[in-house]
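What follows is a pair of complexes built around chain A, which joins chain B in one and chain C in the other.
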Partner chain A sequence: MADITQATPGLLNRNGASANLAIVAGVELGSAILLRAFLLSDETAVIVALLALMGAIFAALQLRPVLEERIVAAFHDRKRFATLLGIVIVLACPFFLQGSGYAFHLLIVSMLYAVLALALNFQLGSANIPNFATGASYGIGAYTSALLALNFGVSFWLTLPVAAVVATAFGFLLGFPSMRTKESYLALVTIAFGIVAHQLLNNFDWTGGPNGLVGIPAPELFGHSFARPIEAFGFRLPSQANFYYLSAALVGLSIVSAKRLHESRVGLAWNALRADPLAARCQGIDVVWYKMLAFGVDAFLAAFAGTIYAFYVSYISPDNFTFLVSVTIMTMVIVGGMDNTLGVIIGAFFLTMLPEKLRIFSDYRLLFVGVVVILFLILRPQGLFPQRARNYGGKR
Partner chain B sequence: MDALLAQHLLNWLVLGSIYTLIALGFSLLFGVLDVIHFSHGDVSMAAPFVALAAIQAVTAWAVPLTGTGALLLAILISMAAIGFLGVVLEWLVMRRFRAAPAMMALVATVALGTVIRELIRTLYPQGSNPKPFPAITTEVIRLGDIVVPVFSLIVIAVSISTVIALFALLNHTRVGVRIRAVAEDRAVARLMAIRPNRIFAVTFFIASAVGAVGAVFFVSHAGVVRFDYGVQLGLIGFSAAVIGGLGSMQGAILGSLLIAGIDTLVQIGVPDGASYRLVFIFALVIAVLVLKPSGILGKPVFEKV
Partner chain C sequence: MTPLLEVRGLTIRFGGLVAVSEVDLALNPSEVLCIIGPNGAGKSTLFNMISGIYRPSAGTVHLDGRDITGWPAHRIAAAGVARTFQSSRLFNDLTLIDNVVIGMHTRTKSGVLDALLRPRRARAELEAAAEKAGELIRAISPDLHARRNTLAGALPQADRRRLEIARALASEPRVIMLDEPSSGMDDRDTDALMADVRRVMAERPGLSFLIIEHDMRLVAALPDRVAVIDYGRKIAEGDFAEVRLMPRVQEAYLGHKAAEHA
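What follows is the complex of A and B.
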């Protein structure tokens, strides 16, 4: 599933382009197969075995950094092939899911969370700005588009940019206090903002109060309603496949923008901010503007995810956008690896699917997830995939 | 009107006292460990459950105590238990994050809060359901037409004496000097033959035990306890500590009184105030931090390269 295009060079081994090709294909197909098996399994033993396998793989990577370097080098060498194969896997994936609606649902939610985590990553990962209000931006986006669609019959495709603009405006508003407050104090400002947003959504009449908004119409594209199944190549994909492709496109868009921003002056400025705000200011970096920008970008992407979520489940309530949702997104970024696009996406998939798949432990799953997160932070504090040095072209 | 005003004032002081007991823990822990212990609310909220279990144990094992006596004993037991829980958590979890970036510790403690809540929910019999919590006392004193519940007086008196005890401890005992030394500079404190680990444990014990009292008062005031009450209480206590200025005891008290004040005012003055109270509380938090970025009594942070 994971589209691994983030590779930067490590120790590049030039002997044998075919070996690199094999490594890339092996890693991508292998992870896709693993993910599929994980999605479709519903027996406890199988799930536990798959989790153990994943754990073993990460343990191997942890204990033998050379392995990781080799894979990264292969991906860097075969960048175009890796990207293409990734796209093909993502496009083909729905045909191998046996029409399981649950698997589709998990994938869609995971992808939306991946977008949210990528959005937060601009702040938390790149610039080390704590933001506990991503859930609020997500909610503002969802509510804006849902209200537009329900009250004014605006089409999904039009609500998408409008919701993003509205959420961005709120994002900048939230960014204002960041001009003076920082660290724990800024964290509290964002927490407070998130709670105020949630409470207002919960209390206003025109947002439906605690009952939320019901009956958001399915989007249409060229006369094809997203509520209807896709029929192609003699296959019949369940209606969720529409949203699967839509969210996949959004993830693709987020990856591209994350990558471009990361490698641009903006990304460098954010990293400088993270390293030392005062030193960054002395270098002529407009600290306030870049902080505000991080808030804006975060809200913008989060609103996209919110809009798709609203139209996908066709029912939203304030409880989808609580403080704990923001914390979950934050955990995804930290567990995945700060400022590493691939890591953040994997973190999002991992933390979305783990609680779902642990339904077998029913009552104890949240407990289990909490313990896993704490252990994870103790054992691998840099995240699954830590940030790597930038590579602006040129092979070493 | 005067009677009504007095009632509201009393209500404000009770809420302020309860919030203070929670906020003090946040401020103390931040001052000493430089870490925000986000699960402080959840740790404290474990106290009423311990107390409930203790009441049952006390009355079941034929100790000639009933009603208020049993409850007071249970509260003492829960204080000790929660203080000990704080020490264990410090040893198990917080210690691992001493050198880590502040964000890591923050997320870890949020996860820790989830773990504690879930442990209560799953291990306590019927933990997901709200549990009635006995009132410490239902007696009232009448002063003219003003009705003063004895419970309110107890809450206020206990909070004030806790604050005084805490100040005395920090300023006039050897342990207090050590705690302040570690808060000031961990490395230098070590050179002065102070063991920071021991001080951290002591600080955790104090903060958690004080928080336990606050949580017990809170649920006794509400008459009911649920496993997830700790989230809101923790958030409010944290906000109070932050707007007062993290690390400052006086700030924690001031912040708590401010938040309790707006809480009371909204419930009196705003129509449908009960559902909008959190909006006003957290709007106040934002406003204070915009005007005073490091809290009301917080020391301004000077940037160093």
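What follows is the complex of A and C.
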């Protein structure tokens, strides 16, 4: 690709540029239309057909790496356009959902899980730290903000940072014993932490015990309550649209954070830790500190997601934050592609919507997830979208 | 003159086994010291103690007069001791450039908050580091430089060692420790390696090398001095031409009987 454009600048270059535009627009709009069709269809046959189509697309990408490279090159070339179009699609999406509350709900939950998966990706993807306690950080965030709102009437916007700070403190606390342990032992420590957090939430009186916390008030912004529908451009969007935009903003924030950290000295240090901890130490990397940092960043983002979740459903109980939630988040990262932001998000959407859409299999949900994960590990062990090398000195 | 790196009475015991016992070494600025000895003599263990991977049971390590004994490995690296490994340990799933940029970890500053809140500055720092890394790789080998954006895991053995040296240089160290740099290299690669070491030393006054080596061609040609380790003890030290004639050294290498006939 690059060779051709260098050899014959001018006409071919211009053609290539517009071709890139078309590819970017086609991929983004195509994905959006596919997602919409998937969200709004409720007949099993249609759903299975759409799944088969997605499978075929991925098979094509797998068998023809050139296609994938071409698409990646197009996105790389038209970065700004791709970002803008993506934002427009996300903003416009609610107007095309026929006011279906269920579709909104699925999208919101998917986005929250995308944030959780991105949070875990800092550890599992970047630094290969198997943290099974992301669900616990998610819960700590949700409970902190819910308790603040219920007991002290603190506004949603203020609970967001407070919950994040509290969860981060717990994250560091978890990182502290973890720094002495390695690999599988570290995984065990995080599993224990997740279970302890769940049990404590279940047994304390002030957390409402197994009944959880009820009646968390809806957030308000400039006098607009998030419990009320949005009226815009002659459209009337259901009240979930408020949380849709809020979650989308959080996903955006997470993507920007992930990108900035990945393309920094910190991301490199985490990658070094993942590849060879001993060699990393000998390059002057404080392994303990960087591990704890990864725990902290993970907890920080997870708490944001937890806060939004608590205010969105207005009711939380310990069962929303079990060990199983952590395992699901981990699966999303592995299936989506370690250390690849887009892959992790798609993994989260895929694994959130799939069990919901395949209601007929719902009793076998876990079995199904297990089969999907095993298939992925065999067919595409690097995940849907594997990690890509950093670019230096290129366009930003 | 105070030595750059001074090891005194360095000892480590694993349970009842004394792997290294009372070793003294002194490395002067702009000097190459080779450590030789039979397999299992404790040479790599000695390196692991100096670089902070193992904590010595007794003895001290001083760098430029400062006591660095028992410091964690990352602080010793930051203090100016870089090293390579016997089985080269590159970051295989990262590009050559990334590998060398990681080597500059102690010479760069951006933390999480810089990366998140001042991305321009963090990015600029990394770009500058990448630029410098490219130069370091180019100086070692133009071939490697051409492959700088490929993954380190795909490199052949000789190139892996050269990249490790580039990565060690990236931290602007005072001392570089090479653990069997010529293993897996043919004569031509070994010559290139020696040329690299000499060039690097000429460009960086004061930089010293501590090298574990088995290839006698290199040991005869490159170092200023040679120290011989056997069963965890230093049994000889000095000019290679003299050391090789010492009966104790010949015994260590050839066995007692053979040494009598040598």
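Going forward, the second predicted complex is superposed on the first by the 374 of 396 C-alpha atoms of A that agree within 3 Å, B and C clash if a C-alpha of one lies under 4 Å from a C-alpha of the other, contacts with A are read in each partner's own complex, and residues count from 1 in each chain.
Simple rule for what comes next: a contact is a pair of C-beta atoms (placed from the backbone, for glycine too) under 8 Å apart; a residue touches a chain by one contact, two chains touch by 3 or more.
Just so it is clear, the structure is predicted and the values come from calculations on it, not from any experiment.
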Fit-or-clash call for chain B and chain C when the two complexes are aligned on chain A: fit
Chain B versus chain C as contact partner of A:Leu278, first or second or both or neither: both
First, second, both or neither for A:Ile216, with chain B first and chain C second: neither
Chain B versus chain C as contact partner of A:Val297, first or second or both or neither: second
Which of chain B and chain C A:Ala133 touches, first, second, both or neither: neither
Chain B versus chain C as contact partner of A:Glu183, first or second or both or neither: first
Chain B versus chain C as contact partner of A:Val371, first or second or both or neither: first
Chain B versus chain C as contact partner of A:Ala192, first or second or both or neither: first
Partner chain in contact with A:Pro381 - chain B first, chain C second, else both or neither: first
Shortest CA-CA distance in Å separating chain B from chain C in the superposed model: 5
Chain B/chain C common contact set on chain A: 276, 278-279, 282
Residues of chain A that touch chain C when the two form their complex: 257, 260-261, 263-269, 271-272, 274-276, 278-287, 293, 297, 387, 389-390, 392-393, 396
Complex contacts: residues of chain B adjacent to chain A: 30, 36, 93, 96-97, 100-104, 106-108, 110-112, 114-115, 118-119, 121-122, 231, 235, 238-239, 242-243, 246, 272, 275-276, 278-279, 282-283, 285-286, 289-290, 293-295, 301, 303-305
In the complex, chain C residues that touch chain A: 51-53, 72-75, 77-78, 82-83, 85, 89-95, 97-98, 101-103, 105-106, 108-112, 114-116, 119, 122-123, 125-127, 129-131, 149, 151, 167, 171
In the complex, chain A residues that touch chain B: 124, 128, 130, 176-177, 180-185, 187-189, 191-193, 195-196, 199-200, 202-203, 276-279, 282, 323, 327, 330-331, 334, 363-364, 366-367, 369-371, 373-374, 377-378, 381
